[in-house]
Amino acid sequence: MKVETIFFNENEGTGLTTYLLDSSNEMANALVRPAVLIFPGGGYMMCSDREAEPIAMAYAAEGYHAFVLRYSVGKTATWEEAFADANHAMKMIDDNSESWGIDTERLAVVGFSAGGHLACSLATMGEIRPGAAVLGYPCILAEMGNLLNKAVPGLDQQVDEKTPPVFVFTTFDDQLVPVRNTTALLQALEKGGVPFEAHVFYSGVHGLSLAKSHTSSGFSGNVSHNVAKWFELSVAFLKEIFGDFQADRSFHDFPVDNSDGPYGLDHSLGSLWENQHCRQVLLNYLPMLDDEKVRNQASGVSVRTIISYAEELLTKEQTAMLEHELRQVRRS
Amino acid sequence: MKVETIFFNENEGTGLTTYLLDSSNEMANALVRPAVLIFPGGGYMMCSDREAEPIAMAYAAEGYHAFVLRYSVGKTATWEEAFADANHAMKMIDDNSESWGIDTERLAVVGFSAGGHLACSLATMGEIRPGAAVLGYPCILAEMGNLLNKAVPGLDQQVDEKTPPVFVFTTFDDQLVPVRNTTALLQALEKGGVPFEAHVFYSGVHGLSLAKSHTSSGFSGNVSHNVAKWFELSVAFLKEIFGDFQADRSFHDFPVDNSDGPYGLDHSLGSLWENQHCRQVLLNYLPMLDDEKVRNQASGVSVRTIISYAEELLTKEQTAMLEHELRQVRRS
Amino acid sequence: MKVETIFFNENEGTGLTTYLLDSSNEMANALVRPAVLIFPGGGYMMCSDREAEPIAMAYAAEGYHAFVLRYSVGKTATWEEAFADANHAMKMIDDNSESWGIDTERLAVVGFSAGGHLACSLATMGEIRPGAAVLGYPCILAEMGNLLNKAVPGLDQQVDEKTPPVFVFTTFDDQLVPVRNTTALLQALEKGGVPFEAHVFYSGVHGLSLAKSHTSSGFSGNVSHNVAKWFELSVAFLKEIFGDFQADRSFHDFPVDNSDGPYGLDHSLGSLWENQHCRQVLLNYLPMLDDEKVRNQASGVSVRTIISYAEELLTKEQTAMLEHELRQVRRS
Amino acid sequence: MKVETIFFNENEGTGLTTYLLDSSNEMANALVRPAVLIFPGGGYMMCSDREAEPIAMAYAAEGYHAFVLRYSVGKTATWEEAFADANHAMKMIDDNSESWGIDTERLAVVGFSAGGHLACSLATMGEIRPGAAVLGYPCILAEMGNLLNKAVPGLDQQVDEKTPPVFVFTTFDDQLVPVRNTTALLQALEKGGVPFEAHVFYSGVHGLSLAKSHTSSGFSGNVSHNVAKWFELSVAFLKEIFGDFQADRSFHDFPVDNSDGPYGLDHSLGSLWENQHCRQVLLNYLPMLDDEKVRNQASGVSVRTIISYAEELLTKEQTAMLEHELRQVRRS
């Protein structure tokens, strides 16, 4: 994983932190990955650590590249400045998508509270629109400006035909950001024909983050087994929008010994060994099979499985040649 | 997150990769964390990427620091060399535990297949023993040496009174590492009085890793909704051994306005405002409350919640002084 | 379980089917149970079996008594007739609550599609109001009368201060009952200050019932691993409203042998056996302990556990007397 | 659901209780169902209610017919008598399978503690063998006879080639039935080549039943969020052995309006209405479509969906004829 912070303004602490997963040929279906851009909450006064790296880790554990944006906050910072940071982050990801191994069609924004306002701002007004938005107990309404102590746009007024699918979760009894923020957004999405998924849990305080013990800062009220389900629900949502990591290749775990067709890697070692030509081919590539104990151990296993287990034994080219030579052997 | 590889032998690619989560005062119960040391599998011939970083990410998402050890492998490498690497890694973590923020009492080893053999070697014979071991489809028996093409100790013979609690999962129809490896281990643990948790799933191939799409390398057989449950089961197990992140502090989300006691931060802004002395104290610390719109927005919320929401407003000391001054105000 | 249908009108097939769980002293915390009254859907033209008994079974598996109401449906039946059936069912449950072992404070209505309309009618206008309402892809709006081919009240207009907490789930792309039914209801609940929980899933057809294979009638589109989560979410919701089955008694699984206090049932058999007076008391009540093999088997177990395991051995009174006598024994 | 007790010996309370789910043409893939035969535990001294009906309900909620056997217990009852009851119950189910709607190939036994011993006795020695066995914290070893106060066969000695797949769960720290019962069984199954699934949880008392609040009898120690997972794991296991309820039919939820093929039920009402011949055919079968408001409501929905929603409108034969007639209409 490549973790790096690209500062926008080092004095103010604004910038983009990358959490880029390593690529590997062993994970051939994940050379290019979907990604999430995370906006922590904090009332446009701070960027809360509880909604930053822990969220990045959660999505990284599902195979997503993650980014955390620390945007302009504080008494004098305006929403416009934060929004400019957000647009800048989207541009930066877009520009670097190839070298970072990101499929920009599958880039979602994820934001919490005021960060949910910023994420939703991108979804409704961004220069580059994300492919989906995940919003946790978001500020939506213009009236929230009173609490936030700065003017912010009412995002229920900004939903348009370019707004991507939205996932939103919150709790009914959020005392700080009233649930009417969420119901107003749903109304606007429904009217605008923008597909959404929504989960309003009955109870839970504002600012639950993952609602797990390690993001609770020690408060029991910050842990909720129930609300914690939002995360896996959000992953299922993103997979419906973006598709899952492709996993449709099949391997033959059980040798095809009874087939009439040509010999090959999917035959068991034992059955190939019975044919003296196959035996010779195998020994050329896998001399260790000369040892009877080794053979006995693996006699019921297909040669493909044996090779896949210890990839250092043969290169891809050698494996292809071995298969090719086995196919030439006539059935006796 | 601090990701760094400390090479043991750069030519051979052996070394310890750290995945150290960031500390934050906002996550006061996670300044010192439990950790996992991960041993990828690969038949002592390679260290599989599918069982390295993705496993580290999964535990990091649960708030654990993680380490991946790439140990000595290959045709000429002996088990003794791999075991020396493993002991060295344990020592290194122990030596750096303070600066890395690790509670070494809560350090678990996690290994898969041949890596499970190595993890279990540490659990039964390590110079420094881990606090728990998590083993995925592990090689245990001495007879596996035939498949692995090198002599390995039979770990069912090595269980002793210093062996920590063990979690093991595998599948009954593992074609490569037969389930008797696991049943023999369980027998040995039971006889030795070593507590364990075990999950043998009915079906699934060898080498499932997280059994999710992103670790499948594109093979449908590497995805199993059912076997994938091993991960959350392992986290629950580790929490039973190590304890959870402490989360027993309470906050007052609902103002205590009807109390007869002294005024304080847990009263609602609205009720405090009715008392002119409280009003003056509040304005000294939070001048923004002079704005009626701001007050109206937050009048039903406790002052503690208002402050916690925007931590930049007051320092801890100022907060304590504000509480102190409110407590002095006589009820009218 | 007592299953019985009390017909309202046998010709028309209307009536209330009871699914009353058996009581048992072994389940002392469930002698009185919460209950659900289920309204299957079917466009006020039928009562679908897919949303009847399978739903009753799901809640019964969680310890709830269940009822299914088959209400007046068909081309000529009016909503008023169906509503009268619903009110009648509530009355019948209320009248029989004592003999049926129901806590009427914890009676929820559960309805699907048109049945969701009827359940919500009870929640907003019922003569007896339920304690909570669970609505699956409900019809809410008056405009649904066009599809239903009969006049129905718009329930978003009927929310009042007596409306109990509401749980609602649906899917965004329901083609038959548009999601605006749900968003309009949420808006009305929010405005009315009625607590709710809401889950709008992104994808899924109308009429999913439990969204599991056995309620699918064979259609793959009727199975959704994701939407199926609504059921356990609804149980968690009901537990938040009604409370859970009480489970706060503790037993001493591990004998208290080192205590300085008096002897008692929570001491291990082995430790009591060492005292000759305890030994005599035990033999009076449990003569089988004269057999050394029996004793050896259970020597590490508390006497309370031994007794609880085989309740036929001693009556409650005998158990109390045994405890009393053990307490009289002086520590030697 | 048909609940009935067929007494074997009414004085002794032995007999078979049926929990037979209702059949319905609306659940066409569940006209014949798999079933479970449940053996409550109780040390062969009683049959515990906590492991009887609640278990039946849990499997019924998954679409399984369920049976509870109350077998011969008590100080004078022998294992042979209990085993005879068990064999008798199997025979009775087999004899009645057709009228009860049971697929006897998919009949599993489910037993707990001593009931697990009895279930496993059937699996290894029964006159009619079940298709699978689910064992909860089972007694297996002959040595358990000491605790049970009667001679019982050691079932680890009875595993044979006719033994069906076995699912077993228990806890490591069961103080009453030591975990060696389970490890010995696994060893025997592995040696006998009998497929199994096993879950040994780290902590939990003996006799957890479903490990949920409503089966706890009020004891907190009888509730375990973690161990409670055994139930859904057992259902997944049974589906692997028996297969799932078939759910491979597809319906066209989204109208196929752009197709070049013939008209049919999968076209939207709106598109069919544009063709005057289709319009006439539709009105013949669904006169309510003459009402424009009704049409507008459903114009984007396929006719198949409209019909499926209100099955009273058309019989199957009428539906087939409607489809037939639509197919005759020429595209204009």
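Every chain is named by a letter (A, B, C and D) in the order it is written, and numbering of its residues begins at 1.
Note that in this section contacts are C-beta pairs under 8 Å (C-beta built on N, C-alpha and C of every residue); 3 or more make two chains touch, one makes a residue touch a chain.
Since we're looking at a predicted model, the values are computed, not measured.
Listed by label, the chains that touch chain C and also chain D number zero. Averaged C-alpha coordinates put the centre of chain A at 35 Å from the centre of chain D.
Between the CA-based centres of chain A and chain B the separation comes to 19 Å, rounded to the whole angstrom. In chain D, there is no position where the chain touches two or more neighbouring chains simultaneously.
Interchain contacts (touch definition given at top) occur between A-B, A-C, B-D, C-D. Of all residues in chain C, those touching chain A in their complex are 165, 167, 172-173, 179-180, 183, 186-187, 190, 195-203, 226, 229, 233, 236-237, 240-241.
Partner chain C is touched in their complex by these residues of chain D: 1-3, 19, 21-22, 24, 26-30, 33, 42-43, 45-46, 48-50, 53-54, 57-58, 60-63, 73-75, 143, 146-147, 149, 175-176, 205-207, 212-223, 244-251, 253-254, 288, 291, 293-294, 296-298, 300-301, 305, 309-313.
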